[in-house]
Every structure is written in structure tokens, then in C-alpha cells.
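Written out below as C-alpha cells is the structure these notes cover.
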Amino acid sequence: MRAFLIGRWQPFHKGHLEIIKKISAEVDEIIVGIGSCQKSHTLTDPFTAGERMMMITKTLENYDINYYAIPIIDIDYNAVWVSSVESLTPPFTTIYTGNSLVRELFSERNYVVKKPELYNRTDYSGTKIRKKMLEGSAWEHLVPEEVVKVIEEIDGINRIRRLSEKDYDEE
Amino acid sequence: MRAFLIGRWQPFHKGHLEIIKKISAEVDEIIVGIGSCQKSHTLTDPFTAGERMMMITKTLENYDINYYAIPIIDIDYNAVWVSSVESLTPPFTTIYTGNSLVRELFSERNYVVKKPELYNRTDYSGTKIRKKMLEGSAWEHLVPEEVVKVIEEIDGINRIRRLSEKDYDEE
Amino acid sequence: MRAFLIGRWQPFHKGHLEIIKKISAEVDEIIVGIGSCQKSHTLTDPFTAGERMMMITKTLENYDINYYAIPIIDIDYNAVWVSSVESLTPPFTTIYTGNSLVRELFSERNYVVKKPELYNRTDYSGTKIRKKMLEGSAWEHLVPEEVVKVIEEIDGINRIRRLSEKDYDEE
Amino acid sequence: MRAFLIGRWQPFHKGHLEIIKKISAEVDEIIVGIGSCQKSHTLTDPFTAGERMMMITKTLENYDINYYAIPIIDIDYNAVWVSSVESLTPPFTTIYTGNSLVRELFSERNYVVKKPELYNRTDYSGTKIRKKMLEGSAWEHLVPEEVVKVIEEIDGINRIRRLSEKDYDEE
Amino acid sequence: MRAFLIGRWQPFHKGHLEIIKKISAEVDEIIVGIGSCQKSHTLTDPFTAGERMMMITKTLENYDINYYAIPIIDIDYNAVWVSSVESLTPPFTTIYTGNSLVRELFSERNYVVKKPELYNRTDYSGTKIRKKMLEGSAWEHLVPEEVVKVIEEIDGINRIRRLSEKDYDEE
Amino acid sequence: MRAFLIGRWQPFHKGHLEIIKKISAEVDEIIVGIGSCQKSHTLTDPFTAGERMMMITKTLENYDINYYAIPIIDIDYNAVWVSSVESLTPPFTTIYTGNSLVRELFSERNYVVKKPELYNRTDYSGTKIRKKMLEGSAWEHLVPEEVVKVIEEIDGINRIRRLSEKDYDEE
């Protein structure tokens, strides 16, 4: 059985890793969708799809998990989104999601929809981690070691800080 | 004389029907544009263009009204929107709208722009009807009988409720 | 039972009308898709979606046929095309098509696919009719009377002739 | 040396003119990007790209400035935006911007990024000028004389006022 | 009076210059549309819009011509193309074109359409000039001196030659 | 060092596998771009990106190769294509390609461009393999065993045969 899990992974953190490890124990193969793949260089979505692909691949190659990591573009057309995902992925029957829109769209197409079991939400949250990156607090312990390396390779912390500078507006 | 009336019809209700009946008494043919046709599956725009097309057609076939129902896609480019509407519709000279942007765009293209006469706004409002659907209050008396049947055929109330469930966020 | 029939209807001719009459005898409602709806003003696709909509509606209102006429945009992404059609139309279970790509796409989505029974292909052919329009031969007897009126209203024959003029190229 | 300066110029005002005059003293040629070129007919972006092009060209032809004025479309894909700008402009090495996202995107592509020196921000602000236009206060002294003429030619003040009318909602 | 002239200018040659000089004698301002602005790096369309903008601007600044040079994107939707052009340009009443589609689209919108007077088509032809560039024949005398400089600055001849190399296909 | 290799992989065959094995001996990581990812269901591009992703992943997991497989959408805008690829992939410095346009676009962005060493072109060719599939000749020995399984899972041979049926045209 193949299952699909979609997220934005901005960045990929240890909570994400735990979810994937749990799901992979239940399925043969897991497809990790990299959502909003065209977004990057904002405070909410700082990393490109390629950078997030690298975070996921580098981390998961340390585990015995059968997975595909696939960028998924946002389409502002809910009724065709499932078809678009299907064209980019191997066939699957189950989707893990906590998002009500994604659940509804896949339910109407007769997929089995499950909720992923979240892991320590107090610490492992993309929003909180990006906030720490911006403020200069420690964030490295919240993500896999390989993700730290990727963010260093791309100078990601400085990108986030520069993006947060106040606009000096010539409007 | 042909006239154009655009709306989102989420859902098509008795207030809409009254507007169309009044306009159809003044014109030879009325073109009913189904706006934001690519939107669906949100709390504000729950129904697809095809579902809204069915609501309008099933209702209007009980009346002696000469009409066209035509899906109109949103184009995020105001300056070409009138041309896009023109290419999808039979030629018309008059547009009924209460929206200031639509009025301005058609006025600059020399259309006659009129305001539709609204009918009992206290009861007949898409926003209020969608709220009742969500909360489980009675809504059926506010829409034509045929619209009730369409919403039942597509299990529309459950769609709205499922879309409103709280996200269980893996971010 | 609802059925879907898609065509370009450039222009809508008597062969098309016969197909629709035959299908409508077999189904409760027929959805007439106006394909390539964004195309117009070429020798192969001279008429806009709105003009074709008018040809079909004016003709069919003389018959006791339950139909929807709906513009369908070309999407250069085969794998999502069926979903896009579904979002724009009432639900249907059967599609009539002679096109192998359309047949394959709907078959893979478990639709019943039937071939429409063509009617006198020697005379009733869009290609041949457009050629007659261009050359100045008689074409009016090949299309329903209402289509002649629409083409006159929009000065369609002159459009086709002007589009065929040799380019005087400043390249 | 060529430099790039991007703005929305809604409308082009005397503060903008001062910025361009200062930059043009430092560079051989200045490329004036007309940003969000597909936007128009809203209270924030009332003027089309063509109208803004005319404001800039008419004004600058009174000065000895080597410039290009080029419409730049918004692309909702930050990672390719610099490439898109590059394809539309002559090659340049320096960009003047006060916007943190634009600065980051060009910095990552190794451009020299400078902040334009703003001029009397209390008076010269697009937001404030559009507010005056809407309220009927004097705004003409805040923009170059040629811009006043352009706005008169296109009846721009009435456009803004009509766009601000309250919607009479048939929702 | 303002007039519009559209071309691809691949590259801008002396025949083009003559056309513009003739038209500019008849009108107050000429708007030079740079068509297919998103195309580049093919044998038919080797130069980017920015490069063509530079060819035109550098050449015309030697003449007393009031002009605007404006990139125009291809839109695969004939019925809205005129509106799209209008949004990007100052208002104009006359268009010079030898292309039958462009003529028809603007005629239907009530523009005055004129044919530009071509100049020595035997020598001055984009197709022939690109062929000479590829084959290594002399082409420099067929374009304005400034265009030679632009093509040298961007190493344009080598681009064309590299693009013509035979594919070594891994299909 | 990371290298990028792009292809359409319609289907992935043993010649492709040999290319990847050779390149992987020279680099640390290889990024396999799945080109024209939005194309499927035609005789030239029968398989979806997801199906091609599965062919590649299933095959390569039998080898000790560090790779990423990433769908790449066609963008009809050559000048921004490299940026689009960069946003979807981990950073790389070398590209292997036999296509002159791809070579030119990456060369202008200062990438190292190499030609992949092809392997037995007489037998290993996508075009020839698709022809065999259509005609019913043996093709299975030309692709990796895992690719045979994928094509069986998706009933790919029948898809190709159905797509080749003659249209029965209602035009």
C-alpha cells in the first residue's frame, strides 16, 4: 500500500520526521509531497522546493523508509487539485492530512483519509522554528542534523533575516 | 435587447430569482454569468460552476425566461476582463451590477450599467444562507425548491460542514 | 441519466443537430460542451464561444431537448482535463465522443464512453462549411436557420474572408 | 553603467522624479521598471501600465536623462522573478530598491543593491496622493505637470471616485 | 495622433527603421510594440525583449521621433489581445500592420488600420538576416550601426550558432 | 559535486540507466529531471510524471547511486527556464545534456555543460520502444525489469493502443 503525505516543510523538522517514521511503519511506500513548491523567499515560506527536497532526502536516507519526495505546485482551482497531484505521483490509496480542505477534496475522490499523529507540538512547529531563526534563538536541536547542514549550505538564516528588514518605501 | 447579470450564486437563492424575473421583464434575453467559476470547496464558495449551473437551469426552466447561463472565469487582470466576458457571451448592451469595479470596467467600454433591484436583503443573502447551512438552521425556504434538490444530490451540506472542521496542523 | 458531448461547433451545423437529437432520445439531459472556448478569429476556429453558444441555444430552443451548453477551456495538461470538465458541468455518467484522447481520458476515470452516430458526413462537416464560406459557395442550407442569423448578426463571413487575406509581412 | 529602479508609480509624483534625477547623475542609463503592470482599476492601483508609461515618458522627456521605461508583470514565483526582469530589460549591474524582498532576490543573483535616497516623504507619497484625489483635496502640485495632463486625458479622478462607491451587493 | 506598430524585431533592421521614419512623419507619437516579448533563444526568435528594446532605443535616439517602445506578451486568446495591448500602451487610434489577424482584431474594435509601406524587402528581412548570421555572411550593413553594437555586447551571433547545433539526443 | 540530467523518460530504458550509471561514477549526487512533467496520454508522451517517477525510483533503488528524481514543468519562456529548474532542485554546477537549447540556456548562466555518453542508440531509443509497444513487438528486454512492472501496473500498453485509434470525427 502507498500513502501520500503533504506538507510545506518550512523547514523539515523532527516532528515531521516522527510522523513519517510512524506512517512508514504502516505502509509499503510513502509519497512525501512538497507543497506550495513555487513559493520561497518569504518569511512564511523561506526555502525553495529544491532546498526542502534536499532537507528531506538527506534526512530520510539515514532511515530504512521507502519514500518518494515530489514537489507539488499550488493550483488555485480546488476542483482539479487532486487530479494534478495524481499526475505527479505513483498511484496511492491513502492520504494522511490534518487539513480540512485537502481531506474534503480527497474524500470526494474516494481516497482513504487519515490524520497523521502529531508529535510534541509544543516544540516541533514550523512557525515557532522560523521565529527562533529570525530572533537568533537556538533552533538547531529542533530539526534533523542534515537539515542544519542544508540551511548552512544555502545561508538560510541570513536570508530570513534580510527578508525581515523593514521596507524603505519609495511608493 | 440582451442584458448581462453576473453573480457568484453560492447558492442561487430566491432573491436572485426575483432579480432575474424583474430584469427579464425589461429585456429580450438575459445572460446569467456564473462568476468565479473556477472556485469551489471553500466556505465562501462551496459549490462548483457545474453545480451552480444546475441550480440556475433547473430553477429557470419553470419560468418563461429567455436566458443563457455561462461560467465566467476570474482573471486577475482588470483591464482585459470585459473582453474576456465578451468572448464568452452573446453580444449585449446592458449590464446589471451593484459592484463598483464591474460598473467602472463596463462603463469605460460604453455599456449601459444599471443597478439590479434587490429583494428582501434581510432574508435573501448568500452569506446568511451559507451560515445557516453550516449551523444546521433551516435554509431550504430561502432557495428555490430545485436548488434544494441539487444540494441534496451533491451532498452539499456535508461538504460545507466538513470544510469547516478545525485544521489539525502538521506545519 | 445525463450525457456529455463535446465539440468545437465551428460552426454548429445540421449534422451536429442530428447527433444531439439522437442522443437526447437516449438520455434525460445532454450537456453540450463548447470546446476550445478561448479560441476565435482564426480560419479553423473563426467564432467565439459566445457566438457558438448563441448558435446552439437559438437552434435547440426549437426542440424539446433538455440540455446545458457550457464553454470548456483547453487545458494543455491531459491528466487534469477530466477534472476540469467535471467542475464546470452537472454530474454525468456517459460521454459521447469520436476522439481517441477524450475517450481514453474519460475511460480511465470509469465513464461510459460511446461513439456518436454521425449523419451524412459528405455534406455536414465543419471544415467543408468553412471552406464554402471562404470561397463564396452556398453554405446556408448546411446549418440550422438560426445559425445563419447569428452569423449574419456578427458579420461572420466577412470576418473569415478578412482573416484569409495574405499577410503583407514587415518581419 | 546601467541601473534598474522599480516602482508602481500610482501615480508618478515629484518624489519619484527626484529619485530618478539623483540616480541618473550616478549612472549612464536608468531602467525604470513599471511594476505590477497587469494591475489597474483598483483604489491602490488605479492606472494601467500604459497610462503610467505615458506619465513617466512625458515627464522625463523634459530632462536630459538616458532611460528605458519597461512594464514588468508580477509573477507569483519569487525564485524566477529576477530572470523574468532580466529578459525584459537591457543588461544592468545595479538595482536601486527599498524593498527587502527585491533586495534579497537580486542580492542572491550577485547584483549591487542600493537604497534610493527618498525625497520629502511627508508630501510625496503615492498613498497620500491617491487619498487626496479621492477626497477632492489638491494633489496637482505633488506631481509633475505632465502627469496632471495625463490624468485629465484619461479622466482618472472620476475613475478613482467611481471605484470607491459602496457596493450594492446582490450576493 | 498616436499610432501603434507591432513587430518582433528579430533583429531590428534598416527596413524597420524606414517604416518607423515614414509613420512618424504622419503621426505625433508612435508606439513600437515588441511582440512575442517572452520569446528568445530560438533560431526564429533569438533575442530577448530587453535586447530588442535596446536595439530600438539606441537607434531611435539618433532621430527626432516621438516614440514609446513597449514589450507585448503573446496571449493565446485572440478575443482579449486588443484589450491586453490597450492596457500596456498610451491610448492610440491607428494601427499599422500587414498581418491579417492583427488587422481583423483591431478593425472589430473600431481602430483605423493601415498597412505600413515596406522598404526594399529583397534585402531587409528578418528571416534573411538571421540566415546570414548563422551562415557567417555579412549582415552588419542591413541593420543600424547601434544594432551591431548591441548584438556584439550580448555575443548574439555565437548564441545563434550554438542554438543551431545538432541535438545529440538521449531520448 | 552535483550534476543535473534532464530527459522525458517515455519510457525509462536501459540506455538511460547506462547514462546515469556512468555519470554517477563521476559525481557525488545526480539530479534526474523528469521533463515535460505535465505531459501524458499522447503517443509521444504516454506516461504521467508520477508513472515515470516510479519507473526511475524502482530501477535506481537496485543500484548504489545518490540521486534525486524531480518533475520539471515545461515553461514556454526560455529566458526564465534555468531559474525555474534551480528553484526545484538542490544546487548543482554541472549539467549533462545533448540538447542545444538546454546547453545554450545553462551556458549563459555559467554552468559546466557536458554531453552524456549515449549507449547503443540502435536499440535503446524511446521512439523505437514506443513504436514496438504500439505494434505489439517485443519491447520488454529494452527496459529495466522494474519498468516492465510499472507499465503492467498502469496497463500502459493498452493506453498507447487506445490513444492510437483513428478518430471518428464529429467536427
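By letter and in written order, the chains are A, B, C, D, E and F; residue numbering begins at 1 in each of them.
As a working rule, a residue touches a chain if its C-beta (ideal position, glycine included) is under 8 Å from a C-beta of that chain, and two chains touch if they have at least 3 such contacts.
Please read these numbers as outputs of a predicted model, since none were measured by experiment.
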_Can you give me the shortest step count from chain B to chain E, moving only between touching chains?_
1
*From chain C, how many touching-chain steps at minimum until you land on chain D?*
2
*Note whether the interface between chain A and chain D is symmetric in residue numbering, meaning over half of all numbers used appear on both sides, and answer same or different.*
different
_Can you compute the centre-to-centre distance for chain C and chain E, using the mean CA position of each chain? Integer Å is fine._
36
*Determine the centre-to-centre distance between chain D and chain F, using the mean Cα coordinates as centres, and give it in whole Å.*
44
*State, to the nearest whole Å, the distance from the C-alpha centre of chain A to the C-alpha centre of chain F.*
26
*Residues of chain E touching at least two other chains*: 38, 40, 48, 77, 79, 86-87
_Pairs of chains satisfying the touch condition_ = A-B, A-C, A-D, A-F, B-C, B-D, B-E, C-E, C-F, D-E, D-F, E-F
*Mind listing the chain D positions that touch chain E in their complex?*
37-38, 40, 48-51, 53-54, 57, 68-71, 73, 86-91, 153-154
*What part of chain A is in contact with chain B in the complex they form?*
7-8, 10, 15-16, 19, 76-79, 97-101, 103-105, 107-108, 115-116, 118, 125-127
*Along chain B, where are the residues that touch chain E in the complex?*
77, 79-80, 82-84, 86-87
*Where on chain A is chain D touching in the complex?*
38-42, 48, 159, 162-171
